[in-house]
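Each chain carries a letter (A, B and C) given by its place in the written order, and its residues are counted from 1.
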Amino acid sequence: MTSPPANAIPRWTPDQPLVRIRDVHMAFGKHVVLGGITFDVMKGEVICLIGPSGAGKSTLLRCVNALVPIDRGSILVEGQEVNDPKLDKLALRRKVGMVFQQYNLFPHRTALDNIMMAPIHVLKRDRREVEALARALMRKVRLDGKESAYPGELSGGQQQRVAIARSLAMQPDVMLFDEVTAALDPETVKEVLVTIRELVEEGMTCLIVTHEMGFAREVANQIYFTDRGIVVEHGPPAEFFTNSRDPRTRQFLSQIL
Amino acid sequence: MIAVRPGTLAVLKPFRLAGASAPRLRLSTRHGALLAIAFLLAVGVGDAQAGPGPASILATLLKWTPLLAQGFALDIAMSFLAMGVGTVAGVVVGLGLISLRAPVRGLAWIVTQLFRNAPWLVMLFYCMLLLPFELHIGGMTIPLPDWVKATFGLGLPVMANVAELVRGAVRSIPFGQWEASEALAFTRWQTLRMIILPQCIKRMTPPWMNLYSILVAAMPLTSVVGVSESMTLTGDILSSEGRSELLVPIYLYLLLWFFAYCYPIARATAVLERRFQVR
Amino acid sequence: MTDLAPVWDWFRRLHDTTGINLTIFYDAFDRARFFNGFLTSLRLMIVCLIVSVAIGVVGAWLQGSRIWLVRAGTQGYVQFFRNTPPLVQLYFFYFALGSYLRMTADNGLQVPIVSGFSWAVIGLSLYAGSFNVEIFRAGIEAVPRETVEAAEALGYTRLEAYAYIILPLALRISLPALNNNLVNLIKTTTIAYAIAVPEMLYVANQIWSDEVNVPEMMNVLLVIYLLLVGVLVYVMGRWERALRVPGYTP
């Protein structure tokens, strides 16, 4: 079989993993952040990454959408290798949506503008079409009425929901959530979790880093526990929370549950 | 010139340079009053010294005011021009300072360091003496009068300072903004144009206005290199009048003119700084 | 200086071969007067640095006074010197005030009491000092009252609290802005040229009028000033780093 040209996107079918992570290593100088991570995310699956604080989990998410380069290993997103110097980063990022802990909304534009900007300037779609989509998304995250509010005028939970809508506007195939409720007041955490759960119920593939164990137990198909850059244990939530095998897992769970 | 640092210290409050004392408005009229009192005293003393005969100091000053105003107008015009040209060039160099390409960054750094760290008077001499007195472009001959060379000479440090302002402002934008736009597949240029630079404008405005104040205060330097502006004219007035008791009043008068122009700018800068305080 | 003769000869040869005329190296007279000019500039810079910082510290202290007149007077000084051109201030001191401060010398001529150099020091220090007052005041204000209250609760007197708690913290916060201002002071000393202080620019002017080597002298001046500024920035940078508060200063 002749090898395909370098820039051709290999054909991907839904029976293959949407995100395929194989033996990913990454270090900041001498400090090893990721020491060989391997797992798959199938289409429609929800994977939750939990574990003690440390850069590993958030960094892994950033490796998936090529915000951070990896040293060794392979990440395939819909068959496209991320660890490839010739990677078309922009094409990759159109397929992968990311929501951050600090929301990172653009403070000088209204909520609606924040959602509309990327589809118009990146996807080059028609403005009226995008506006309709953006308004629909704001309704979906239950923020209709706040379209012309600036991020500074919104609460943390509201800002985070706008951030989710902003990523959804690009109609990605997989969503990455990086501890999105960690910076929120407890009252507003719930509204964001409800929004994410609705997304999950609609079939969105999600990779979620979180400390919210109850939420993880509810939505995840698989839970991965990482510590110091490697996957210690994983399993479906029911099994994971009640019958964890590794002592490190049990110690972590006993500290937070 | 003086950069305000946003509140980065957890315990210590933000470092607000323009001062946050509340009753500022009342102080301003008092400053002006004090200055005016000093001025009138000087005039009075001068008049007492002159004795009877020659016209009073105040009358002399009023007589020469239109001429002085012309000189001052040239100062302001040069400052606008130098600031305008310098700002445009400075933004370009500033973008070079944050370029991803090392040679561009290096060149921009050299330009910035060179023109920021050279004394302004030396820059002026450099430009006055080493720039040609006329340019030959194509078939045209463009004369370069002294004030144009001086304006260019002062535009160079403005450019370097604005470049540094731009770099500082871009660096002060939280990294999350870059991450979020990258994640949304914006190109670097799109990110700069639509997200980073618009947020920079607010942060840059108070120090930019401060720079303008300093530029205006540097205008009399051009008199040293031969431009006929308010400082030169003051000297001319003194030599034509030939009265030593005019010395103190006329220099105080000139100082008053500059104060009257710069002080409102300083106050407006302080107000804007408070309003744009980075949270 | 005879053992440096080969170095001077190199510059003479440079002139003969390329036309680059650096008489300040190979001509003893020019060398001497440029060196003196350099020393005068250096003296001017150092004295003004010290005096302006002293003015800044005293002024910041006075700004916190309870007497309204003292506060208003300090504010008036600061606003006046910050918002007027330093050159005009210098002319005011040297020509206007200087004209009154004359005494009759033995030969009957009017001689100024205060020299040009002294007026330059006075004028430049007052100018830079006004900026320093603002810088130090902002630094002091950045120290929260709660910290001062904690110090007083521990038994420090107001003066002790100022010396041991407030001033060290305020200094660390002010250092970057102070550094900036001192660099500007160094650059501003060139305006002493206008009142015939024989500093570097003035002497360079004399030399290039005699030797007609304007570009060479201008370049030498630029290089020297860049080096001086570079040295100051480096020293202040080291001091800044030595005074860093771990965990707070970015």
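FYI, a residue touches a chain if its C-beta (ideal position, glycine included) is under 8 Å from a C-beta of that chain, and two chains touch if they have at least 3 such contacts.
Given the structure is predicted, the values throughout are model-derived calculations rather than measurements.
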Overall pattern in which the protein chains touch one another (line/ring/star/complete/other): line
Chain at maximum distance from chain A, centres defined as averaged CA atoms: C
For chain B paired with chain C, centre-to-centre distance based on mean C-alpha positions, whole Å: 19
Distance between chain centroids, defined by C-alpha means - chain A, chain B (Å): 49
Chain centre separation (chain A, chain C; CA means) in Å: 55
Per-residue multi-chain contacts in chain B, two or more chains: none
In chain A, residues with contacts to at least two other chains: none
Of chain B, residues touching chain A in the complex: 174, 176-177, 179-187, 190, 194-195, 198-199
Interfacial residue positions of chain A with respect to chain B in the complex: 62, 65, 67, 89-91, 93-94, 96-98, 100, 102-108, 117-118, 121-122, 163, 166-167, 170
Complex contacts: residues of chain B adjacent to chain C: 1-3, 5, 8-20, 27, 30-31, 34-35, 113-114, 117-122, 125-126, 129-130, 213, 216-221, 223-224, 231, 244, 247-248, 250-252, 254-255, 258-259, 262-263, 266
Residues of chain C defined as touching chain B within the complex: 72, 75-76, 79-80, 82-89, 91-92, 95-97, 99-100, 131, 134-135, 137-139, 141-144, 147, 169, 173-174, 176-177, 180-181, 183-184, 186-191, 193-194, 201, 205, 214-215, 218, 221-222, 225-226, 229-230, 233, 245, 247-250
